[in-house]
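Next up: the structures, one after another.
Two complexes are shown next, each including chain A; its partner changes from chain B in the first to chain C in the second.
== the complex of A and B ==
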């Protein structure tokens, strides 16, 4: 939004301003604004207007259309609501286990696939990236069948005698969380890997050569060269993954429906339940969604600080 | 400059708002096009098609269009449209599950059209009326019964030395004993259960006229609900005896039945087509009355699911209500066909004595299951499902896990009570 202000006219204005220059400046400014105004208007209508409305909604409560203002009551309820706290806990568990695992895995795969001497590179890259183009619902349903009590995963484990009886992947509180984490890791690792791969192509080969000449091992090269060079990308992917995990919905909805009990329910699914499964309370649902906004801001700040980035 | 921009933004917003409110004056024209939303093509949609055919003799001008939607989709669409105050694209008639009906009627009070003039409420099964009416007005045209029964594998029972006679008038303790004996003899578990779906508990407590809520339909009734406690206890007994095979969704549920993994299915009568889908098991099934709760007042009849038709308050409402009244709510050829072609059990009582109900079903060893279901329908205790069935169910589904893990029953129930009071307001 600063762009038009910094356009040429500012420089013109430093000189004593004769009339024609002033009208030129006005014209330039108008042109600048007309470029951004359409986009700003659309963003205003479709992003900021709903956000403000949702904020207003979050101070109301009631069933369906019978809403009335209740002040901060919804926010008080939010912090006392055990279901909300459980969903936050579940989401944070997914976050702190799944995001680091996925990012390390993606880093590892990208380094392996960046190897110049590797054959079938294109095939492997495509194969690992392919999960990202599948629909969230479709792959969730497939995972549900893979991990069913008599699904192929249990059959395999039974056949090779790793387990004595089928693991209740979907109906046991612990295993259900594992299933969700496995599913989202499968879906998103390839996506993050692509970012690392493209970043790796920009790392100068000569740095590695120099390191090799100095006698650095492959592991040293990975930690001392690759990771520092990729730091901005790692920060970017970890923030997008964090936001993605905080908004997790499709997988949980389709694989376990939040069960057993509330063991796998995420914050987004709770919002859905409040709006559509239970007697609708859109006011409180809006409050919960502002809870997510708050969490995303907090986590993003932490990550920026932790990465020590100046820009 | 910023001010100018804000002013511009403000003006455009105003214009936008003005545009959107301009089209509000909908023509209140009468229409002959009636749209219907329903789920389940083999049951609800088929029934509606029969009604449509039956009504052609009455009024051939009415153009009825039946649109199949998943139940979850219908709920979402209704909620989003009705809460935003628009009725555009809404159907004239919509099917709503009885458990959810109050939630819609109370959340969107002016959006539904009362059908008092179109039907006679006394002619329907009594237990259908509280969920479908609101503030003294009748909004729903009661449809299918959802009457529950205990479907049993007679061949498994016989291997353990029992037959379906032993289940007549039985209570759950006796049923669990039989379930244990059958498991011993055949290795088959008794029932299959989704840990997140407490339909079984709902059926159990309704046999003694109890519900998650007090009769007012708002106040949670959990901590002092003896029926619910007994149901919890029985559920744990079944789990502890390893009589319950867990499933996570509908297809796994049906697979467990059709693969012969379990010996009993406590469910609503709408499960009949799914059980009969496995033709090789013909003659090996019977339907017993729903078991009672032991040690308390309880009848051998209950309900699971069941839904009713609602008319939305939009142009065409009078004709839609009249259509429902003359088909679902009157003596018409529809009822007979509904039984013969869909195998459903209705709630319009004058039709429950019809010949179609006397048919013997070879799949169930020649049992007259429809006549049995019709008889049980009349005994279902009337409860007010109220507003919060699914909120409380989610709380209970979570608490029951703790109870199964060994926590004290009263602690769990007290906890559930206070959670429910907090959530359901």
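== the complex of A and C ==
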């Protein structure tokens, strides 16, 4: 990014010139491997080795350190476990409502902000991006208080007569999910918007001019030009958002603690509870964690397929 | 036809901007008000800033938590940058088919959710605690270790290295520099902005990390800022003014980084899609 433009990637991406001496080549190979070895080793130790451990654990059961092999028992239990099924349902609800709403909202915002004649562009952009500077725990606690029964949100809704009595944002199973969705949307819309804004800057404006001359409305331009042009970046952000939402933990833990009942609990939180809150059952917790891995793989494949098919 | 569209645009942006800013306004204002005022819905600054600050210092171990968080975040950032930039440079400059395979395998780790790693990692650290107590459970090192290598950061450095002029490396070799010397004397100083962007994302992620510290840290004097905030937030009779003070203090470092280094901040975020 700090390299002069004339030395672009196409000029430097060529392979280094072949070297005459064989020994030098071997030496370079060794040097090359030593550069990448530490990082590869650490990722092996802290990502892949634990995943193998989790796989082995998922065939064991028992509390704490007293584990014994139980075969597929945990996997059978998984599909009969009402709490697990609830957490999967909750997580998928967050996912299929929150991710599309947020991405559409971020797209609209970026299109409006991309207007050349717009005033106070910098202010709007910074303001909408600002939620990204907060830590997940900090904003969750703020949202918990904002949405309390006697909190500011209810106070305002009552004042403008939008509701007759305070909404139970945190203690009603339906509204608690809405609160979580609103919170995540607040935190991440600006983040996604920045990606779209920078992608839009690379879209040739003359395409829009031509569409305008052909009589395309703003809505048509949005769906027929903007979305197709931004498809790769929309795919990227939807996959990162999906992975993020499937791992949802901090918000739910700090806004509703999974309640009321298990109405907002996510899979990550269930794994945490199984391992560190209830009587620890590491074996079953590991089985549940493979549930998330499975969902991440499935949803990523679906999104890649959906993006590919439209071509 | 043109005017209404524009008005709708401004209206839409204004509503979104107000919603985005309001929680910040509310927490800053509430930090100067009494708990009762906050509950009453007071939206104007009050005169209880100092009182709330004193209460906070008396109620929680704010300074130790800030110190722990700072040590963890700075340590993580330095180590992450070193490890990831060495690897990103290595994968790009000494490119080979075998290394590309390794690189793609490393990228797979981005799909692994932390919740799946938490239990095996906890057991790993549990089993080394008797042997190596200084990196075992309930140590700051145990917080740092699993988070210092991310495939994302390696990918980020590799992408940035693609733009690096390799002629300079040849010049370094002719001058008799060793390969590692070329990396530290030529590559690192040239890639300052890449390092700045990477440092910002790593520092933020570490400063705000919640789940792993929650699992691995146990004694109160080891707690980090997110753990402290979370504990305050779950208290039964919350002192809102004081809690908002704590939240503002926790948000301040990342907010300062954002306002003073906005360009690097965005560059770091976008690094993955270049």
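Keep in mind that, in the parts below, the second predicted complex is superposed on the first by the 271 of 311 C-alpha atoms of A that agree within 3 Å, B and C clash if a C-alpha of one lies under 4 Å from a C-alpha of the other, contacts with A are read in each partner's own complex, and residues count from 1 in each chain.
Operating definition for what follows: a residue touches a chain if its C-beta (ideal position, glycine included) is under 8 Å from a C-beta of that chain, and two chains touch if they have at least 3 such contacts.
None of these values were measured; they are calculated from a predicted model.
Q: Would you check which partner chain A:249 touches, where first means chain B only, second means chain C only, and both and neither mean what they say?
A: Second partner only, chain C.
Q: I'd like to know which partner A:40 touches here: chain B for first, chain C for second, both or neither.
A: The answer is both, since A:40 touches chain B and chain C.
Q: After superposition on the shared chain, which partner residues are touched by A:186: those of chain B (first), chain C (second), both, or neither?
A: A:186 contacts chain C only, not chain B.
Q: Now for A:80: first (chain B), second (chain C), both, or neither, which partner does it touch?
A: In the superposition, A:80 touches chain B alone.
Q: So in the superposed three-chain picture, is A:294 touching just chain B, just chain C, both, or none of them (first/second/both/neither)?
A: neither
Q: Of the partners chain B and chain C, which touch A:168 in the superposed model: first, second, both, neither?
A: A:168: touches chain B, not chain C.
Q: Once chain A of both complexes is superposed, is A:279 in touch with chain B (first), chain C (second), both, or neither?
A: Touch status of A:279: first partner only.
Q: Applying the document's definition of touch, where does A:144 land relative to chain B and chain C: first, second, both, or neither?
A: It touches chain B and chain C both.
Q: Of the two partners chain B and chain C, indicate the one touching more residues belonging to chain A.
A: The partner with more contacted residues on chain A is C.
Q: In the superposed arrangement, which partner chain does A:260 touch: chain B (first), chain C (second), both, or neither?
A: first
Q: Which residues would you name on chain A as touching chain B in one complex and chain C in the other?
A: In chain A, residues 29, 33, 40, 49, 144, 257, 275-276, 282 are touched by chain B and also by chain C.
Q: Mind pulling up the chain B residues that touch chain A in the complex?
A: Those residues of chain B that touch chain A are 1, 5, 8-9, 12-13, 16, 72, 75-76, 79, 82-83, 85, 102-104, 106-109, 194-196, 245-249, 252, 387-388, 390-391, 394-395, 397-401, 419, 422-423.
Q: Along chain A, where are the residues that touch chain C in the complex?
A: Chain A reaches chain C through residues 1-3, 7-9, 12-13, 15-16, 28-29, 31-36, 38-40, 42-43, 46-51, 53-54, 57, 105, 108-109, 112-113, 115, 118, 123-124, 126-128, 130-146, 150, 152, 155, 186, 189-191, 194-195, 198, 218, 233, 236, 243, 246-247, 249-250, 253-254, 257, 267-268, 271-272, 275-276, 282, 285-286, 289-290, 292-293, 296-297, 300.
Q: Name, in rising order, each residue of chain C that touches chain A in their complex.
A: 5, 9, 12-13, 16-17, 19-21, 23-24, 26-27, 38-39, 41, 43, 83-84, 86-87, 89-91, 93-96, 99, 102-103, 106, 109-124, 145-146, 148-149, 151, 154, 160, 162-167, 179-180, 183, 190-194, 197, 207-208, 210-211, 214-215, 225-226, 229-230, 232-234, 238, 240, 243-244, 247, 250-251, 254-255, 257-258, 262, 266-267, 269-270, 272-273
Q: Under the definition above, what is the set of chain A residues touching chain B in their complex?
A: 5, 29, 33, 37, 40-41, 44-45, 49, 63-66, 77, 80-83, 86, 144, 148-149, 168, 170-171, 173, 256-263, 273, 275-280, 282
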